[in-house]
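What follows is subunit A paired twice: with subunit B in the first complex and subunit C in the second.
The block that comes next holds the complex of A and B.
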């Protein structure tokens, strides 16, 4: 309790935490520029860049046309030439249009040039379902985890959003920062003092003894809700917020899963070649055979229809059901 | 450079490629023979602090930019004495400290990267410019349209140079691109655009110099289309699809013979001078090969270096 009383915090919305991270980083490092559609005067699709245009002006906060390939390409080229661009791709679905420079150039630049070119770029994008339909809802983090040289982070709280984005903006890159439509309006305590969250470290969000749940981004909140209900039945869940997907803190998961003897992986994206599949195999290698289950989206597009969307993406009820089955087997 | 130096540089590229193509230990290569005038003329218009980017057809651009032929040969043969320790090869060779920001083998892939380099230069208030050489094959890509638009809007210090060798692997340019001239592609964006004969090194140099003066003056990007020739098939591993009659026409447009003819007609090139130049460049290439061969391949452990 002592540490809590001395480390002062302020309550911020997730979107405010992002704006604060960018603002603090841009003040510290004039190589940081922001490129994005409606990132300037408009302040970002979710107001997550609110105030930045006013503080840093049109040279450092640049509105771009709708041209994801060139936006990421310009960011990557500028990074290779000495800037630290933050490129905002409004939805993760549209990141597909900008993958060539990110995957074929940025993720390989240091390797292919024998260390002569680094690309300290951060691409920030928004994943997740919230009524916007089949091409505005996808979570393709698992695709990105398969790219050597690319880091992927996906925070679930304002404090982590702030701390991880600040770390990403000092990293040698490239870093993909994934947030979520349903997180921008959530609030949480953020340290008053400037603070960084290291890339590559998971966090135990809730301690428990019966089952380990891994999640990231908005699904961490779903896991926490499920754990609350399960606690009433006497089931004790330990929740690991992955925070960083690549590199992944497998040790923290293994330590927990080894202790609980049961693992449930939760993700909003597809299960095939998914984050859960990756975690399960690596935990199997490290811990040996334990009970495992995975929860993710149905193998279907995510509709804008509210009934179909809710049917497709994981809910606390689905997590609860999966854990009951896992522990009863 | 004087015209003899330009001729010499073009001959070095031709001789270098000729020696390389005779070998069997390079995987395959994308040769620039027939288009030496584009790279050499362009690079003569650049300053040391400028950055050159190009496609995977990187031999002429890298040598024209002044990279050491031995180092380039080492890179192409996969040896650690290459500027990228043999990890980049023809497709991705780079030496930014020498003004060669590098090749990128995704067709059209370097266009937006080059615009990003230009953005970094602009942001730092540098007088240097970013230059990207790409083929006619890249002109069908959306990346070109997106890059032209942003570069024009932001007045980026960027020169886009289309080395139009009139064929993409086996697809003739007129079958792939609807525009009458490829420089027309830049016109809707208000970008200064010029088409020149890429086999005339002087004309390439002078046109590039004119466009670059405007770019350095802050007037925004320029577009230079150079109509060149591809003397060989797409790569050393690709079959030639053009007829003997077509190749006769192609070979008749040699940038080296063109400049040689001019210099002879003006009496600048003494008799025997060509033989001497040829001998010198051939010897330079032999040295480059010896340098490369003396260098080992990377240790297999390097497969994991510089990844994360």
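The block that comes next holds the complex of A and C.
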């Protein structure tokens, strides 16, 4: 029997789910501070921090200059000294400037000090193509997955954005939280009660029998659209929303792919050394030889020309074509 | 005549809005240019103004409710006493102007 307390949800915009996660976390733990460009009075580039400056004030919600290396460096140092900073890097492309403190210090501190120093920092950043050209469109999650000690999460729904960000803000860190420009216009049901989504657990978004599709972030929506069209021609797709890229829930993927016997990996970033390549190898080890294909961006920068942008990043049509070819082979 | 007030569009990137505030209860008359309802998108407010006179008769989506672009928000009529019994047919859309801020 469903009870009200179990099923009660409220519909929120994606940005509201993020603001709620940060607000609930900051109330619970006064070590959490927020640093970001326009994160203060303006409320965040996507209004995802709306209300936080008013509630927590300038000591805990700080605007920074356009200086990503300093922002992440400051956050990592503060984390090592006992705070729990949430650093907002508006575009994932500019996270590149902050990689030295994140990769060389934060991700290694625990190993280097025999566990004496941890760096509970969360870096939140926005990936993806939406009309902003070569240096404001990239998805470099796969680079980040290659860093030992760094956790990477990438939700596709408001509920997971809220629950994963809350988990990240209690984690020993460092955690990279990746959202997507095209998710900010979406809305979805979020549990009314305070809830956490564990880092490291994938979710089956749609059950199916013919092919397993893995995706994360905005590409999960593309996969769902493709699956709806394919269902009309009798193809049954199982969609796994990875949610957490590092650590990755390989068991859930293997269980599904073992049953369907076909795997399609979908990502918005580059295929070379990409998430799909990683998944394919690990599933090959666990499940053995099954049919596999991968879909990702073409090997070109994302253009600011909308026609070329659409041609570069994966669409539902490309996913549909790839699945037809995979299943007909 | 009975008119349907629908979520105006298209608005770039927006499929669904949330009703923020109605500017009047059922029974209120609106003149052209008057603000009828404010809607929230993921990043903006949409002010919806009547483009012809009308009486607000029935609110379909109350403040806090969600609705898709093109779908009904309320029923209006030319005159206060007009019968609303058969609003299920193809009602004409109330002409509106809207501004995104």
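As a working rule, the second predicted complex is superposed on the first by the 324 of 329 C-alpha atoms of A that agree within 3 Å, B and C clash if a C-alpha of one lies under 4 Å from a C-alpha of the other, contacts with A are read in each partner's own complex, and residues count from 1 in each chain.
We adopt the following convention: a residue touches a chain if its C-beta (ideal position, glycine included) is under 8 Å from a C-beta of that chain, and two chains touch if they have at least 3 such contacts.
The shown structure was predicted, so the numbers you read here are calculated from the model rather than taken from an experiment.
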Fit-or-clash call for subunit B and subunit C when the two complexes are aligned on subunit A: fit
Broader residue contact with subunit A after superposition on the shared chain, subunit B or subunit C: B
Contacts of A:91 with subunit B and subunit C, given as first, second, both or neither: neither
Contacts of A:80 with subunit B and subunit C, given as first, second, both or neither: first
First (subunit B), second (subunit C), both or neither touched by A:177: neither
Which of subunit B and subunit C A:53 touches, first, second, both or neither: neither
Following superposition on chain A: angle at subunit A, subunit B versus subunit C, Cα, nearest 10°: 130
First, second, both or neither for A:110, with subunit B first and subunit C second: first
First (subunit B), second (subunit C), both or neither touched by A:185: second
Touching partner for A:143 - first (subunit B), second (subunit C), both, neither: neither
Partner chain in contact with A:218 - subunit B first, subunit C second, else both or neither: neither
Gap in Å between nearest CA atoms once subunit C and subunit B share a frame through chain A: 30
Doubly contacted subunit A residues - partners subunit C and subunit B: none
Touching residues (chain side subunit B, partner subunit A) in the complex: 51, 83-85, 87-88, 92, 94-97, 101-102, 104, 106, 109, 111-121, 123-124, 130, 142-143, 146-147, 149-150, 153-154, 305-308
Subunit C - residues contacting subunit A, complex: 13-16, 18, 41-43, 66
Residues on subunit A engaged by subunit C in the complex (per definition of touch): 11, 13-15, 46-47, 184-187
In the complex with subunit B, residue positions of subunit A that touch it: 33, 59, 62, 64-65, 67, 69-70, 72-83, 85, 100-101, 104-105, 108, 110-117, 148-149, 247
